[in-house]
């Protein structure tokens, strides 16, 4: 309780540099790209561009793009589901069944790979999954006559690689939520006669919804924009929307189309965020 | 050392009035207690004196000078915070010397002054310890030493003993009072604990909803509360409502009650407050006629607490609380018919 | 029943951990494998590490990465700490809005952020290059720095600064002698975080780095797409060890899981 009525200049002085930086590097570029998405050609060459909806209409008309978008979304869905199914029990184990120094140490171990280079990890998966790679060899060591397993350049390779990349996110957010559940709540429920599974369904699960929602967003949003993993692990058969966008900027140089597709992707992201917002509202204060 | 005048200070936060025009003077060398429930404005006033809050209206003067525009670090005050706020990254010496070092005082003098103040608070030799290594009582003394070493004009204490356990608190109350007397510094402290307020203060002020309900010496305020709130907040009280009858008596549903205070005109409603310890409890036979007020009732509950017993006596439709020191007299049991009596001087007229 | 459940959950956790470390372990093993085609069984050798200094492209890219990460750390930590301090110690009406504005860089897919930066920088003449990379990396790091330092500041409240003021310390003295030392672990943690973010950053670098001025991740990507040299394994191992080492340090300075 005090008059934290600042000299306004102090506050401006402290926050302006950071936010100006963000404005120039995030806000303005996004606006520029929005503008670009309505142009016929990029305004760098000899042609003078005109305003048009063609880029967006292309998306609506081209089935090929629909397929890709669907594929990207489905990847998002599959990966998110796998991450949740695999990650939540791990988070539960860590939050409620491991005590003391082990907990800190294991938590660190879980989060650590997440901070190693994503590219390098994905690349490593190629060695594991390809024909002659680790998995193949392992199977042959155990069952000599089995057919060769070449998981590389399949959809599932992409899923495995992406799930591996984003699993720690989900474990992290679920862990934070689960760990905040007071043990005495669970004891109280049990003393009132609730069997184990009911304690889980009616207390643990509802209270971990914010963590689950946060994890969902942290996984789904980046995944639908993936291009690196599909290209490295999936090959040409697993082309995603992200790859199309990537190509517009690096190969085809049709920047307006790339911009339009980016914004369509962004639109999808915003829809997802809006849908999850009610689950997150309570927790958002603590996060930032 | 210093006189502090609070002159009609007002502070509002949106729709909440934290201070509604408070006027008060702290005399030189006085140990003044601000008492009241949470949200009553006492902490707001303390922080306004410190400079963390700027009043919307009114003045705060230190030795006659308006300090409203003086920033906190120039006000020459010393303050002890509720959880002591000892700098965790500094040891005891550096904590206490902090105020000296920011003023550029030379190291040699720092050492001597810190040593001096540590002896005063009876913590000599603890210079090298860190706050984490100190007990609650020791931290409190370091916080006090830190506030005093700069020789401020005014000492402010925010719930100074709140974090200590009962025994330690009682001990610290005595020590705090001694130190304050020795140093002679004008001291203002905030508390919600009425016992603490009574023990430490030379004078107290009771706050409620941003205003001072009553101020004065502890014995005055305790014995002669002016309002029901004051009577109830500082100690316990039994309240009797009635109408003024003839010859200084009050007609109540339990009979006539006598008081020595000034009464409103005959026929007006009036409320009397009687402290539980002023009431004598005896067997159902009438007690000596010298006691002017007498009621008969049934004992509902007796709570024995070693030194004393608290009785709850049903008189008519209400309960009267009686507090009796344990002199080994007869202890009454539930259901017994008892007689209650007290002197007219102990019926205090209060505003509801 | 409870014990069985607890035990199986813990075993499961172990399996998940194993899964998480598979690529890392494989990477390290392969880096020490003599065979250039990843043939098993593993023949122990450090030849690829020895060959590294000879691969000029990789070395240049490494230097770029480290320099960029260092610059990013300095800029992002300073700007972010200032902003975090304003958030933690002052009240102002635009606070909720500003807090919200921290989210776009983290929630928008990096693909979009990267391509939009490319578009905008080209348009206004900044173009591609290490300077654009710096612009991009700092933008990504800022939200994380602000959150980390902010959390540290929140953990000790303004009471120490108030105490310093009552003792006669001017706002600057209070900041430099009290706030700064107390805030230091958070700032160090944020700096380590910023370094790791920049060092590992791939997507933004991919779009903003011109040929000849690439960072390590981008260089590795092209190598992979070409069907690369095994030195990439060696350098990848080094990168992984560095990143994880940084994160271990980070954890020491900023205890996770709210155990402070």
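The first chain written gets the first letter, and so on, giving A, B and C; residue counts start at 1 in each chain.
By our rule, a residue touches a chain if its C-beta (ideal position, glycine included) is under 8 Å from a C-beta of that chain, and two chains touch if they have at least 3 such contacts.
Please read these numbers as outputs of a predicted model, since none were measured by experiment.
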Closest chain to the protein CA centroid?
C
Taking each chain's centre as the mean of its C-alpha atoms, which one ends up farthest from the centre of chain A?
B
With chain centres taken as the means of their Cα atoms, state the distance from chain A to chain C in Å.
17
Taking each chain's centre as the mean of its CA atoms, chain B sits from chain C at a distance in Å of 55
Between chain A and chain B, what distance separates the C-alpha centroids? Give it in angstrom.
59
Indicate the residues of chain A shared as contacts by at least two other chains.
2, 5
At least two partner chains per residue is the criterion; list those residues in chain C.
162
Residues of chain B touching 2+ other chains?
52
Note which residues of chain C are touching chain A in the complex, please.
1-2, 5-6, 9-10, 12-13, 16-17, 19-24, 26-27, 30, 38-40, 79-80, 82-83, 85-87, 89-92, 98-99, 101-105, 107-113, 115-123, 135-136, 138-139, 142, 146-147, 150, 158, 162, 196, 199-200, 202-203, 206-207, 217, 220-221, 224-225, 232, 236, 239-240, 243-244, 246-248, 251, 255-259
Given the complex, residues on chain B that touch chain C span 50-52, 71-79, 81, 83, 85, 87-89, 98-99, 102-103, 146-147, 150, 156
Using the touch definition from the top, list the residues of chain A that touch chain C in their complex.
2, 4-6, 8, 10-11, 13-15, 17-19, 21-22, 24-30, 32-33, 36, 43-44, 86-87, 89-90, 92-94, 97-98, 103-104, 106-113, 115-128, 132-134, 137, 164, 167-168, 171, 175-176, 179-180, 196, 217, 221-222, 224-228, 231-232, 242, 245-246, 249-250, 255, 258-259, 262, 265-266, 269, 273, 287-288
Mind listing the chain C positions that touch chain B in their complex?
156, 159-160, 162-171, 173-174, 177-178, 181-182
